[in-house]
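We call the chains A, B, C and D, going by the order they appear; numbering starts again at 1 in every chain.
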Amino acid sequence: MRAFEVFSAKDSQHAVALLAQHAATSKVKVLAGGTDLLADLKFAPSSHAPAVVVDISRVDDFRGIRKTKEGLSIGSLVTHTEIMNSPIIRDLFPALVDAAHTIGAVQTRNLGTLGGNLVTAVPSVDSGPTLVALDAVVTILGSGGKRHMPLAEFFVGPRKTALKSDELLAEIIIPTENLGKPTHFLKFGLRKGQALALVNVASSIWVDWEKTTFKAARVALGAVAPKVIHATSAESFLEGRPITREAMEEAGKLAAGDARPISDMRASAEYRKDLIAVLTRRTLEGAYALAQAKRTEK
Amino acid sequence: MVEKKPAVIEKEAQKDALELLRAPAPAPLVPLPIEVLVPEARQQTPAVRQRATRSDARTHGLGQTKYIDDMYLPGMLFAKIKRAGVASARIVSVDTKEAEAMPGVVAVITGRDIPCNTFGPSLKDQPVLADERVFHAGDGVAAVAAVTEQIATEALEKIHVEYEPIEPVLDPLASLKLETPGLHAPSPNIYGHKVIKKGDVAKAFAESYRVFEGSFRTQMVEHVPLEPHSSLATWDPNGRVTIYSTLGRITLGRADISRTLGVPMSRVRIIATIVGGNFGGKNEITTEPVVALLSKKTGRPVKCTFTRPEEFMSSTTRHPLIMDYKTGVTKEGRILGRQIRLVLDGGAYCSWSETTLGKACILSAGPYKIDNLYAEAFVVYTNKTMTGAMRGFGAPQVCFAYESQMDDMAKALGIDPLEMRLMNALEEGSLSPTSQKLHSVVVKESLLQAAERFGWKNGNGSANGSANGSRT
Amino acid sequence: MKKRGRGIACMWYPIGFTVAANPSAAVVKINEDGTATLLTGTVETGQGSLTILAQIVAQELGIATDDVHVVSADTDTTPMDTGAIASRTTYVTGNAARLAAEKAKQILFEVAAPVLGVKPSQLEVADHKIQVVGFPQRNMHIGDVSDRARGVNGQPPIGSASYNPATVALDAETGQGKPFATYVYATQIAEVDVDDETGEVDVLRIVASHDCGTPINPMLVEGQVEGGISMGVGFALEEEIMFDEHGRQRNPNLTNYIMPTSLDMPKIEVDIVDSYDPTGPFGAKGVGEPTCVSTAAAILNAIHDAVGVRVTSLPATAEKVHAAIKAKRAQEARQITAGAA
Amino acid sequence: MAEVTMTVNGERRTAHVAPETTLLRMLRDELQLTGSKLGCDVGDCGACTVMVDGKSVNSCLMLAVQADGREVLTIEGLATKEQLHPLQQLFEEKGSLQCGFCGPGVLMSAKALLDENPDPTEPEIRDALAGNLCRCTGYTKMIEAIQAVAQLRHERPAAKSVA
């Protein structure tokens, strides 16, 4: 790797101060888990190399998974392994556990963080769809203070987020009204281990058990648009509709229509659309099965 | 006396306990000895058929096996090679001044510094570093020796090469039709051709109940040894060079190194340590002449280890094949005749293409008794990564074709795929496509043994069912 | 929906170079304590060839694998070898090593014969001893004989030999001739699940039945077969170097060049076919390359069996299988329409 | 230059490294612990796997300064002077490694797995090894060896505390 200076932040305030201090004059990168950043920097040409790296991996106030009055807060430095092992997440959102499990392999999941994954903002970001389907909100910390925004808006485009140069992603909040909302995540990759997503889909639903209809259905798609998107036509189609296989099938087709995939070396746009249709239906089936299971538990 | 003894022991035990309390915390419990219940296979006679452990198993497990990249000699420099990045071009100029001026850079060489800049296992069409012409994007054009790997890497950006691009030929079928002169003019573009001819194929097709035709293609793949190519050179004052190398073939490697360096073989010593995977990919020289020349120029040991991208772009790969099969059979499923045409994408240089061509052609009929055969194979240059030796030398490709067609024919004729193979399989004393009388032939035995283990006749694997795992 | 299928593929594969001479030479030194040292120019590249060669020399000398130290891969100290290529080490280098050991052993027989009161031709080796054929109780420890050879007879037991497979050049026009000394044969059967909505292929199980002549070391033979199958799985389903329109590789890294991980590998069951080649060392042929030859064909036939589509180009990615299923359905739909009209 | 102090295989080690130095480079170049291998340098192959504070990580994807003050276990620390680790013993007996280059990483991943889950199922073993690419073995005999070590713990409960 090309030479750079490393400044290690002691806490979140220090991290923001370091960013503000260096971002004005040098090319700065933030180091959390490092799995994406260091891999990127290894073969980077000189034009892309940072002069300064702000290491936030020891910022403890970006850690922790806890229930707050806003909902479930997940610190940006929570690793994928911690998500997989968190009793509260396993209980409330098994889909988040599944999503974390599809990222890299054990070694990268031990290092890689939720915040780091989201900040890459690659269209195929594996942590994205489930959180978007749960209407997650992010907390951003900067020299100007704190601000919040929906995760869906945090993603701006391929490798682009709403973060300003002196800002950091502090936490991800799943709002109270969605705690325990049945959600299902599926990723389709080119192999089973260490797979990169051709597409990934997450659906979350509430069920109106009296009418057996969908309520507040959310379908989020990854890797098929410049950023993670809501399949809005599928979502509005499902609202209030009786839960049937046909409805899920139709939602799949609509979601495929909402997707704007590209053709690249991994797959063609056409194939990605076909996968979206199938995976959307399957995530809806999965979410409904989970809803039924939760209901029986009670 | 009798009563006193326990008292003493008790007292000593107390003392021990007190001492134990004062002692530092005990070291973690060491693993229990694992008793070897059966006598160790390595110590048994007779030795053959023993499941003896490997002689390198222990050093492997301990992380103590020294691969080339684990070797450091005093004063050693690190070399990196600049890759062309263009698939086809004439080199107009190579400017190394800026790189040479970098602090930490000790020496730079280009293709013009190679005493004899051609090598190859059959055709000597490959340069150590390209000097006049680039034939594929992974060609090296210059090399740097520096005090650290990072400085060497950064110096590559400071080497400026001016190219005059030439339209690359990427499609082997286009290359097949290419008017001479070919890519490597004056050599023809089709640089290898082979025919196996036996019996009368036209007559066999005329007598066949059905004639099946199929066309099959395979892709280019990489060996992916986990250990990247690496070599380390050091000269002694008698003008003798020792090269530690990941070569799988040191004798022939020495001939190539001696030739390219213009040094007598008696002054070249090649040592291959344990190699971290080969699969055919480490069967010819790559960085060895480069490190030897840089070491000579600097008077210091020089090591060069491929990056993973170089491993893909600048070592050999498996030949993509385009395979046309035409096979005539009787109603009962006996193969009467087969006609085959193979086109091998030979990449930028010959490398082991001749061997691959020959084996692919000879093996293309499959392990079957076929009296009437016409197999023809061509290998052509393209401006892609060079193709060479890789586990199977064309056999996995042709097996995919002949066994796919076998199943298609079995299905069309309503014959069980296992039965159709058994009916046609080579037997002891059968004549091969080259009319060689074969011995120790066990095709049928292997078919029956695999079918038995699989439960083929019980219908295993044919029912619909759910999977054990899934990517989704 | 997952559709189950099975596919079979068999193959043949030669040992050694095509006609071209590919000799190996070897030197065996029997030490004064009855252990031995083998010098060989071949290279250990992971296959376990040094262990195999040690076993061959040990067998010839009646000693154990552990008693043979192998020095390899140094052009200054080891004899010529064509190298770790063409599945030739066990057969060609193995034959050379066996012959070298036999020559060294012959010296021991000549030393032991007068002591045991027989002719050298009446001696044999067994379990660290040189003994009279038919009278195993009349024996000497191999170390004692070796030490005697050095200390009394003044003839240290060293043997050297070379071996080159017997071939006949191919006719230039018809390609007829004997390109290889011997061949191995094998069958693999694959069981797969194909998701008929996505085209995803799960390889569940591969049964492999391989001929290698006498398995010098069955454990290492299994290891070769298992590894070859993993390469075959990648060849069948995932791996491909891709190029852009300028001829530059698009995926020269392990992120985008998709090779099988532990999660992508099926359960593998290996059987070694009973076989003996009289031209090989103790009946052995070889096993390196042929292990990866029939895997792709077996998997592609299993896909065909599962969903009725023939994918004719590798790798059979999920996308390719999916496209073939779609095309088949479209064709079936057209046929139904045509039939109705 | 940054001063980095960590506990490596039970010993306190200090080195002065450039800030951009990865943990892998520090282990190999500064501490002469060359057991951890560089196979891709971007976290795909797993040949550089070591344990940091009890968790397996790609040492090529961690800066040495990030490991400052932490506990690092490499392949060189797996055996004691008297005794191979059961994983090393079983990998040897079962012929689990061939060329051996991936071995140190695989063994560290296996060790991390058994530390957390002494009795893993086959799918769990496969999942634990998914970050370690091997081209020689098809992973078959590695999985068998890990299963055998787990089995050993059943037979010898005392072995539980040591692996």
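As a convention for this text, a residue touches a chain if its C-beta (ideal position, glycine included) is under 8 Å from a C-beta of that chain, and two chains touch if they have at least 3 such contacts.
If you're wondering where the values come from, they're calculated on a predicted model, not measured in any experiment.
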{"item": "Two chains sharing the most contacts, counting C-beta pairs only", "value": "B-C"}
{"item": "Per Cα centroids, the chain farthest from chain C", "value": "A"}
{"item": "Whole-Å gap separating chain A and chain B, where each centre is the average of the chain's CA atoms", "value": "40"}
{"item": "Centre-of-Cα separation between chain C and chain B, whole angstrom", "value": "14"}
{"item": "Rounded Å distance between chain B and chain D, as computed from the means of their C-alpha atoms", "value": "27"}
{"item": "For chain A paired with chain C, centre-to-centre distance based on mean C-alpha positions, whole Å", "value": "47"}
{"item": "Contacts with two or more other chains, residues of chain A listed in rising order", "value": "1-3, 43, 105, 188, 191-194, 279"}
{"item": "Where chain D touches two or more other chains at once, by residue number", "value": "40-42, 44-45, 95, 98-101, 126-127, 130-136"}
{"item": "In chain C, residues with contacts to at least two other chains", "value": "45-46, 48, 198, 200, 219-220, 228, 231, 251, 253-255, 259-263, 318"}
{"item": "Chain contact topology (line, ring, star, complete or other)", "value": "complete"}
{"item": "For the chain A and chain C complex, residues of the former touching the latter", "value": "105, 188, 190-194, 196, 265-268, 271, 274-275, 278-279"}
{"item": "Chain C residues touching chain A - in the complex, by the definition given at the top", "value": "197-198, 200, 238, 242, 250-251, 255-256, 258, 260-264, 317-319, 322-323, 326"}
{"item": "Parts of chain D lying in touch with chain B, wherever the complex brings them together", "value": "28, 34-42, 44-45, 47, 74-76, 78-80, 82-93, 95, 97-104, 107, 123, 133-136, 152, 156, 158-159, 161-163"}
{"item": "Parts of chain D lying in touch with chain C, wherever the complex brings them together", "value": "40, 42, 44-45, 94-95, 98-101, 125-127, 129-143"}
{"item": "Complex interface listing, chain A residues touching chain B", "value": "1-3, 43, 45-46, 186-189, 191-192, 195, 279, 282"}
